[in-house]
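Paired with chain B in one complex and with chain C in the other, chain A is shared by the two complexes that follow.
This part shows the complex of A and B:
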């Protein structure tokens, strides 16, 4: 299938005065095919959100994209001028964020915030864009659309706010949607609704999705390809089935052992990963997972293992596979 | 919005009543007999004459009776007469209010003109040299007491020009240019501290807003930076900024009392100070009442403006 997005060797660092640099994203590469759902999985602080934001150059102003390529339909997004990236954002690639309350402008009505996208990309006038916004809210199954259009974000429930975010992201029919932990701030019952809303809409439209999450249950249900991230690196990348049935990297293995599985009869014993993720400003030359790993040897301490194709379309970065 | 306005207006009156009551009783606490104070130690009046005056001025009644009399008078805009000049308090206040209003307005205007652009520049050049320079200046201005700067300014003016500023009464409506000339220096000195605080305030408001999640959302929609700033950042930064400048205006009324005293400007502030020195009871009550009304009214305006800007305040408790 046709590849629409190629990310190569992406590095986003936080340079700080008088303190060591935080290497939040340190050499991430992956590809997104048309219509595919890719999951970026990892613990909090592993750089998955920063790497997703860096694709559209939305990384926080305190950070810098040091090097790398983000090829979108042949153009390097990291090199195009600012006006050009504004045309890609929201139109070709749309984003959904973690916390829908803080991600919506508190002083603007829902209607104005959604119609803004149409005004920007389709040059629609006020009334047309307002009608389009109404259509989008209907599409994401928001009840009582008329009154929601003139409501402010604080007047809606968490689930409704995230539906508004989804409506905003879908409004220009983008080719790729980046969903950055779209359900983290929601309660469990709404999580399922929002996820199936996002994934069904994207599947129907043949739209590719990058799903950033730490929830392995969500990944198993929706993802085609899974990238496991640890301390700014992708440590394993494979099809969804391969990740769950034949994990190669010790981190993936440990991660799967630490979550309950409903596909195993009688359940499984939950084994937590000992220790904490390393601090991203104190990384040595070796494998970042070394301190918590069961397979570690002196080689792991000295040298970072490169990511290599172990079997077909199954990549892992470990010296001991 | 209507609900909020009505609710806020209804709140205005109980607060007014409480402050007016406080004002009355606090002034009663001031030691010394106002009539004796008015005529000095060697009073030409006999005891009988003083007693008669007390009856005439209503000072022989109980404190509660005087309180209700005063409230009744205030409601009818009758503020009594001065023990000294014999003119009505209302007349004096009406004559002097424009001077103080002019001084405070000029000062607030100056601080706005100085601090908003400086704050924006400081936020925009975050941690670069313009930011460092402006932050140094603001800290300096915050640390210098304005009455001290005022005295210094007078000394400098006296040595350089031989006079500081005109202290005659200038009607701001009849002679606006001379009035501004008179008021500019004290207004400028009054504006220095809020200029420092305001610069830092605007700076941090801008820095905070630009890191908000909804700014990122606006960018992710493909809005150009100019529109992100104008449509999303500025309105959100405005709420704390409006509150800040509103409160600074109220503080400026207090500062005006000090400035008028130092520069000898005949406004409400010097009226208060003179009346307090000479126990001119009704003048004191009346002039402080006016300052109170200003403060309460400004508070009302700030609240209504914030509600206009922020729907979360507007729809609160609905």
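This part shows the complex of A and C:
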């Protein structure tokens, strides 16, 4: 299949005065094929959100993209001028953020916010864009569209706001959608509604999705390819089946054993990962998972294992495979 | 089996006021007639979406807010919010662990003072006894011994939650209300805290009321699970029955909304989804509260409220479909 996005060796660091640098994203590489759903999975602070934001150069101003390539349809979008990246944002690559209330403008009505996308990217006039916005809200199954168009974000419930965000992201029919923990702030029943809305819309349009999440259940339900991140690195990357049934990296294995499963009557035994995730400004030269790993040797402490193809389309970064 | 806590028709309404004179225009029925019992040394899980009243219920039991109606019988004695002398001794046997560990610790106190404070308030202990108790507790909850001198902000989220658990355990309580204790934690830390709670229960026979929105966590830790919707319990079931034989449509919706971390099982599953969103607790729908969202709603559901009854031994549910 055709690859639309190639990320190679992306590094985003937070340089700080008088303090060690935080290496939030430290050499991340992956590819997104057309129509594919890729999941970026990891615990909080592992760099998954920063790596997703860096694709569109939306990383926080305190951070710097030190190195790497993000090739969108052959062009490196880390190097293009600002006007051009503005044209790509929203039109070719759309994004949905974690907290819908803080990503919507509180002073603008829902209708105006959605029609703005049409005015910027399609040069539609006010009335046409308003009608288009109405069509988008219908598409994401918002009830009572007329009154919602003139409502302000604070008047809507969490689930409705996230639907508005989805409508905005879908409005320019992008080729890639980056969903950064789209349902963390929502209830479980609403989460199921929103995720199936996003995923069916994208599947029907043949649109690729990058799903950033920490929930292994959501990944199992929606993803085709899974990238497991730990302390700024991708430690394992494989198809969904392989990750869950033949995990190679000790972190993936441990992570799967530490989630409670509802299908096991009487409950499965939880085997927690000992210790705590490392601080990103105090990483040594070795494997970041070394301190919590059951397979650790002295080699792990000294050298970071490279990510290598172990079997077909199954990559892992560990010295002991 | 001994009963540690019995709740009978507990109600908590919050008034809704309007205008300058604050005249009452309605009630938020946060908890609307809830009854259940918690056995000694067992875990009672309470699951529901945000706004269903599960936290309010926990706070009523802890007597931090006065209930509007109903009875709370703890260890054989009824608790009244108003008379506090005898109650203080009773309530000391009830402790709580909250969702956000950082915000439930005093940022200006060192860990040792935070954990020792309940003992100091009780006042029966001298410094050496307190010290011994603290050292034993650090070992029990898996904290390093030098942690006492640190401040909460110097600890990680998991360690902070361990401090909260230690503070609850220090008075050797009979009952702990755990209000979403693992929701703010990462996946790998979550398992540590769940296992810690289970092992503490095995050692001390403490009972838990485990409140969470995450059915998979509740299912893992609880012996009996209650599903709450808009202030009412719609189903109470032993842990083994719930996944296999869910009776209330809302339970089925909740179960199917929780993805299983196994792609093969996920492909096979049939997803039942609820329509719309949780209505406001000010204007509760007529009849069965779940009928506007229910995938299996009938005509009868909007008119009559179904009876909460025991369908099979130990398994209670409230739905017209079961008649």
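The definition used in the following text is that the second predicted complex is superposed on the first by the 314 of 321 C-alpha atoms of A that agree within 3 Å, B and C clash if a C-alpha of one lies under 4 Å from a C-alpha of the other, contacts with A are read in each partner's own complex, and residues count from 1 in each chain.
Everything that follows uses one rule, which is that a residue touches a chain if its C-beta (ideal position, glycine included) is under 8 Å from a C-beta of that chain, and two chains touch if they have at least 3 such contacts.
Computed from a prediction, not measured in an experiment: that's the story for all the values here.
Looking at the combined model built on chain A, do chain B and chain C fit side by side or clash?
fit
Quick one: is A:99 in contact with chain B, with chain C, with both, or with neither? Answer first, second, both or neither.
The first partner, chain B, only.
Figure out whether A:88 sits in contact with chain B (first) or chain C (second), or with both, or with neither.
In the superposition, A:88 contacts chain B only.
Of the partners chain B and chain C, which touch A:168 in the superposed model: first, second, both, neither?
In the superposed model, A:168 contacts chain B only, not chain C.
Kindly classify A:157 by the partners it touches after superposition: chain B alone (first), chain C alone (second), both, or neither?
After superposing on A, A:157 lies in contact with chain C but is clear of chain B.
Give one of first, second, both or neither to describe whether A:188 is in contact with chain B, with chain C, with both, or with none.
Only chain C; A:188 stays clear of chain B.
Tell me the contact category for A:60 with respect to chain B and chain C: first, second, both or neither.
A:60 sits against chain B, while chain C stays out of touch.
Once the shared chain is lined up, is A:116 touching chain B (first), chain C (second), both, or neither of them?
Only chain B is touched by A:116; chain C is not.
Determine, for the superposed model, which of the two partners chain B and chain C contacts more residues of chain A.
C
Minimum C-alpha distance between chain B and chain C after superposition, to be given in whole Å.
Closest C-alpha pair between chain B and chain C: 8 Å.
In the superposed view, which residues of chain A touch chain B and also chain C?
Shared contact residues on chain A (touching chain B in one complex, chain C in the other): none at all.
Considering only the defined contacts, which chain A positions touch chain C in the complex?
Residues 43-44, 143, 157, 159-160, 187-193, 196, 214-221, 240-241, 244-245, 254-256, 258-263, 265-268, 270-274, 276-277.
So in the complex, the part of chain C that touches chain A is made up of which residues?
Listed in rising order, the residues of chain C that touch chain A are 49-50, 156, 158-159, 186-192, 194-195, 213-217, 219-221, 239-240, 243-244, 253-266, 271, 273-274, 276-278.
If you look only at chain B, which of its residues touch chain A in the complex?
Within the complex, chain B touches chain A at residues 210-214, 216-225, 227, 231-232, 235-236, 309-312, 315.
With touch defined as at the start, can you tell me which chain A residues reach chain B in the complex?
53, 56, 58, 60-61, 82-83, 86-91, 94-95, 97, 99, 102-108, 116-117, 120-121, 152, 154-155, 165, 168
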